[in-house]
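In the two complexes that follow, chain A is the common piece, with chain B as its partner first and chain C second.
For the complex of A and B:
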């Protein structure tokens, strides 16, 4: 039973972690871990019989023997990271970087804004929880353990949670890159990175989260990011999955948005074997807004599952969502987008659309756009289309002297570009456009 | 707004119009289900050995199954040993003419607005009346027989046409398909059987009026419609039930088989007792309806107007197996008070160039919950499949809910699948526009609700369209507009 083996790995890792805590086992963090472990065991590893995991089968790789620590990870150098990140390093050079290797914060590999006021990076500790009311309120409550088995698992095992705070009114001009590295050079590793981002009132920041694997062994990266967006704050969150071909990632991002706050996310899936992203947004106060953009460009045997939830908890909030996918080879794409409108959330506007194109006979796509509405004075809609490229448009391009393959590549690129063009950060947008274009066998166009 | 709330109050206080019980003596089997009960039912209906074996197999499968918990509805747990599985009106030996029918029964139909005599002579609709478990009277049978059409109670079909029943029963909805289909297969009491021979176009709309009439009896209908090559049939199903306190379970199974170039149109108007304002009583309607487009260019069309039942839980589906076959689903579901509806469809695209169209209109009022749940599945072999789905929800009042759970699963690149859904209330700007043109709010709301459901109502046969509009009026319009 792969589930039982996995549960054993988790329990053992939890015990190891408790031993290493040296007396702080009575602190609030450890209490949360204990509760989370209990919750994880109760929820169990999801199978495809579980509604939320209907298309995402984790059993093939969950039963592997995973290590939690890899001695060699300490020897990860700047060069290793640069290699893993590739071109992205130069794209985000002007910004700051928080580096996490196998779930542990690495100050020596990070570039932190020491002299700049407005942003601070700390490692989560009992002391921080005790002293900082905002951190205490947000940690473990934006992303709840009982909502998702892998959030519970992450909470039980996360040791170096990274807390990023953007001070009141600070407008960060440079992006903050969270580089999450799984070092699988020696053994199979299971990593549990944990991020908490607190954007205080009126602040503004660009966050770029990437996940990279180094080494030839198997890595399973189960990460959780919690984001508390303060009133009038604006967080632009980007998650680019452009990892090794055999990498596996289960990610959970949760954001709660305060009064008149704004949260924008861009999730771009390009490379990686198994990508599961849950994005859960709680519009918690009046006037808050969420904009969700996502694109999957898959081929080969890739699998990408995007689960999004926009929860309209109060009145006068607005959300927009656009997810697109291109599936080639025998790849499988999943989109599950939920919109909840609670009884008191009158005057809600929520729009969602999801479009997919299949390029090959073996590719598959499963979509489930879901609306659950308990308030009457709302305007909500969703649209989903699954189809193919317009033959007439291809014919038009061919009549202009563009060959069939090129025409198809252009069309598919333009299809995805509609999502990419919403990325505000110019360097990152160009990087994504270039990666997508090269995967589709064309070049970026300036549209 | 004051006017609006007055309107809403009226909606909420609108009671069930068809609430009355007919007192007819009945044969009742004690409560509970066991192998003996299955044997008793089979014996009572003078069924051949193979039918009993089929029922018993289903019963064994049912014992191993669990009650499904995934629908978006809540209800008290059903005790399957508290249900009476057999009830038939005490009757005289033969019923060749209406004179022999219990006069009280005839009065019941008169109250429901379906005077048998009038229908027989004036409307040209053949009515196979099912009162609880035994079919009392079938009209027009002789006329249909001339064309070779078989339209008779299921129990009669089992005796008279065993080869047809044996071939098709359970072929679309297998006994072990789900918990309630297994239960139905074990204990089904009666239902309609229709067979349209090759190339025959059924000249009249076939119709059955169901009525649940005995206290605490579950109604387990079994309907089977087979349209042979190049034939056409339109079938109407309609229901009203008397007011009572205890929840009643209704677990019907409907199977449709359309052969090459055949077309089946199945229309339902469902208005069972929905429970009172506190949600007490009311029918649980857990139905399995499925059709298969077996041959090329065949077509199955489901149209339903759902206004009744405490809980409606059904997904009339089409398996598009033949090349170029067509599946359609048109639905209006109205929920009020504490009603819950979880309904939708499944379209399974298997053949080449198959097409499906889904139009679902939900209207929620009061404290009700209305869900659309649908699946559009395009298999790898289904070249050129085409689907269009539209599911709209209209909310009246701020205490109700509308939910959409569409599943789209596509494994063929030549498929085109489109789904769109909207949820809104009647826009203030639209009402304002109507007011400005001299239409008062009440009429404006009526106009909008009517227009909103029109696309589906238009699909109904003439005879039913009238009744459906009446039902909408009773459920909502009489008070809203």
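For the complex of A and C:
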């Protein structure tokens, strides 16, 4: 039974952590860890019989031997990180970087806004929880352990997570990059990075979250990011999965949006073996807005599963969602998009669309829009299409001297570019365009 | 003088249905040929076979284009060697702007000829100049190719592409259909401006009207997969007056 073995790994890691913590094992964070561990054991590792995990089979890799991350030497260097991030380093050079290696914040490898007012980065600690009311209220309540087995797992094991606070009214011009690294050079690692972002009233920030594996051993990265978007604040969150071919990532991003706040998310899946992203947005107060963009460009045996939830909890909120995918080889894509409109959420506007193109007979996509609407005075729509490339269009391009492969690349690139064009940060948009184009065998269209 | 195009006894069809039943046609440099004929007679099929549409099976005959076996070539290689088809129904291609599409296309043709890609500024200037030929507005450049274009706009865009690609042989399949009177004049003016002594044009049309503007050297009537009659430009006038029945009758008598 791989589940039982995995539970043991988690329990042992938890015990390890408890010992290592000594005194603070009685603090509030560890109390939460205890509760989360219990919740994780209760929920169990999901199998494909579980509705939400129907296509995401985690059994093949939860049975592996994972070493306890605390044993691993802190040997990751700046150079290793630069190599793992590649071109993204120069793209985000003007910004700040919070580096997390095997779940632990690494100040020595980070570039932090030291003398800058408006944004601060701290390690999640009992002291912070005790002293900071906002952090206390947000941590573990934006992403709840009982809602998701891997949130529970992450909460049970997360230590040295990071809290990013954007102060009231601060419009951050530079992006903040959260570089999450799994160092699997010596042993298999199971990492549990944990991020809390608090964007206070009227603030604005671009966050870029990336996950990179280094080394040839196996890494399983189970991360949770919680984002509290204050009233009138705007958080633009970007998650780029462009990792090693054999990497595995289970990520959970949750945001609550306060009055007239805005949360924009871009999830771009380019490379990695197994990518599961849950994105859960709670439009908690009047006038709040969510924009969800997603693109998957998969090939080979890649798997990417996007589960999104937009919960319209109150009246006069707005959400727009556009997810697209291109699937080649024997890759598998999943889109599950839930929209809840609660009875009191009158005057809701919620739009969702999801479009997929299969480039090969062996590729698969499973798309499921799920709108549950309990209010009557609302405007909601969803549209989903699944298709192959239009042969007529390919012939048209070929008749103009463009060979068949290039014609396909042009069309698939154009298909995905309609998602990427929503990325405001120019450098990041161009980076994504370039990566997507190169994966599709073309170059970004420039006119 | 080597002909640009020489079709001999071409038979082609789809599945087990024969559509072209022995077409022969020679087009020399500098010439304009018109192909007329009733609906369903095989005009677009002939154009598609020339452009290389793969769903049509060639069952017999030969097509020589500039001295080479055309039927051996992929659609893209035909285009690179100077074949151009203005589609009867141009396809909409979402997300690919007209400008980007043309840049790719022009540079593919240049690459084939061993030329460097055009510098962006030069390319833009060329596009602006050639758009004027068909009086197309520059706003079309940034729009997705043919997407949401009106019928007439799509046809103009075909001729604009022709102006950009400078083909050796242009086959215009009902480019006049759906054009208003002014647009017809503009499009015809564009085609005439592109005529050279070394290139040729095949115009597929139902109406004499276009041929008032683009004077053909030869007019052919395609009926039931065969060219049953060829003549000078007066043949088009006669067809306009008398319809196709008399030709069908004559053809039936011969057969």
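Heads up, the rule we're going with is that the second predicted complex is superposed on the first by the 442 of 447 C-alpha atoms of A that agree within 3 Å, B and C clash if a C-alpha of one lies under 4 Å from a C-alpha of the other, contacts with A are read in each partner's own complex, and residues count from 1 in each chain.
By definition in this document, contacts are C-beta pairs under 8 Å (C-beta built on N, C-alpha and C of every residue); 3 or more make two chains touch, one makes a residue touch a chain.
Model, not experiment: these values are computed from the prediction.
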Problem - chain C versus chain B on the shared chain A, clash or fit after superposition - result: fit
Exercise for the section: Determine, under the contact definition given at the top, whether A:388 touches first (chain B), second (chain C), both, or neither. Expected result: first
Exercise for the section: May I ask you to decide whether A:181 touches chain B, chain C, both, or neither, giving the answer as first, second, both or neither? Expected result: neither
Exercise for the section: Using the superposition on chain A described above, determine whether A:403 touches chain B (first), chain C (second), both, or neither. Expected result: second
Handout entry: Of chain C and chain B, partner touching more chain A residues
Key = B
Completion exercise
Quick note, chain A centre (C-alpha) to chain B and to chain C: the enclosed angle in degrees to the nearest 10 is 70
Exercise for the section: May I ask you to decide whether A:378 touches chain B, chain C, both, or neither, giving the answer as first, second, both or neither? Expected result: first
Exercise for the section: Mind working out whether A:346 is in touch with chain B, chain C, both or neither, as first, second, both or neither? Expected result: first
Exercise for the section: For A:440, select first, second, both or neither according to whether it touches chain B, chain C, the two together, or no partner. Expected result: neither
Exercise for the section: Could you tell me if A:29 is touching chain B, chain C, both of them or neither one (first, second, both, neither)? Expected result: neither
Completion exercise
Min C-alpha distance chain B to chain C after superposition on A, in Å, is 16
Handout entry: Touching both chain C and chain B, counted on chain A across the two superposed complexes
Key = none
Exercise for the section: State the interface residues of chain A toward chain C in the complex, per the touch definition above. Expected result: 390, 392-393, 395-404, 406, 410-411, 413-415, 417-418, 445-447
Problem - For the chain B and chain A complex, residues of the former touching the latter - result: 70, 380, 393, 395-425
Fill in the blank from the handout: Within the complex, chain B is touched by chain A residues 51, 343, 346, 356, 358-361, 363-388
Fill in the blank from the handout: chain C contacts chain A in the complex at 51-54, 74-76, 78-80, 84-85, 87, 90-97, 99-101, 103-105, 108-109, 112, 120, 124, 141-142, 144, 161, 165
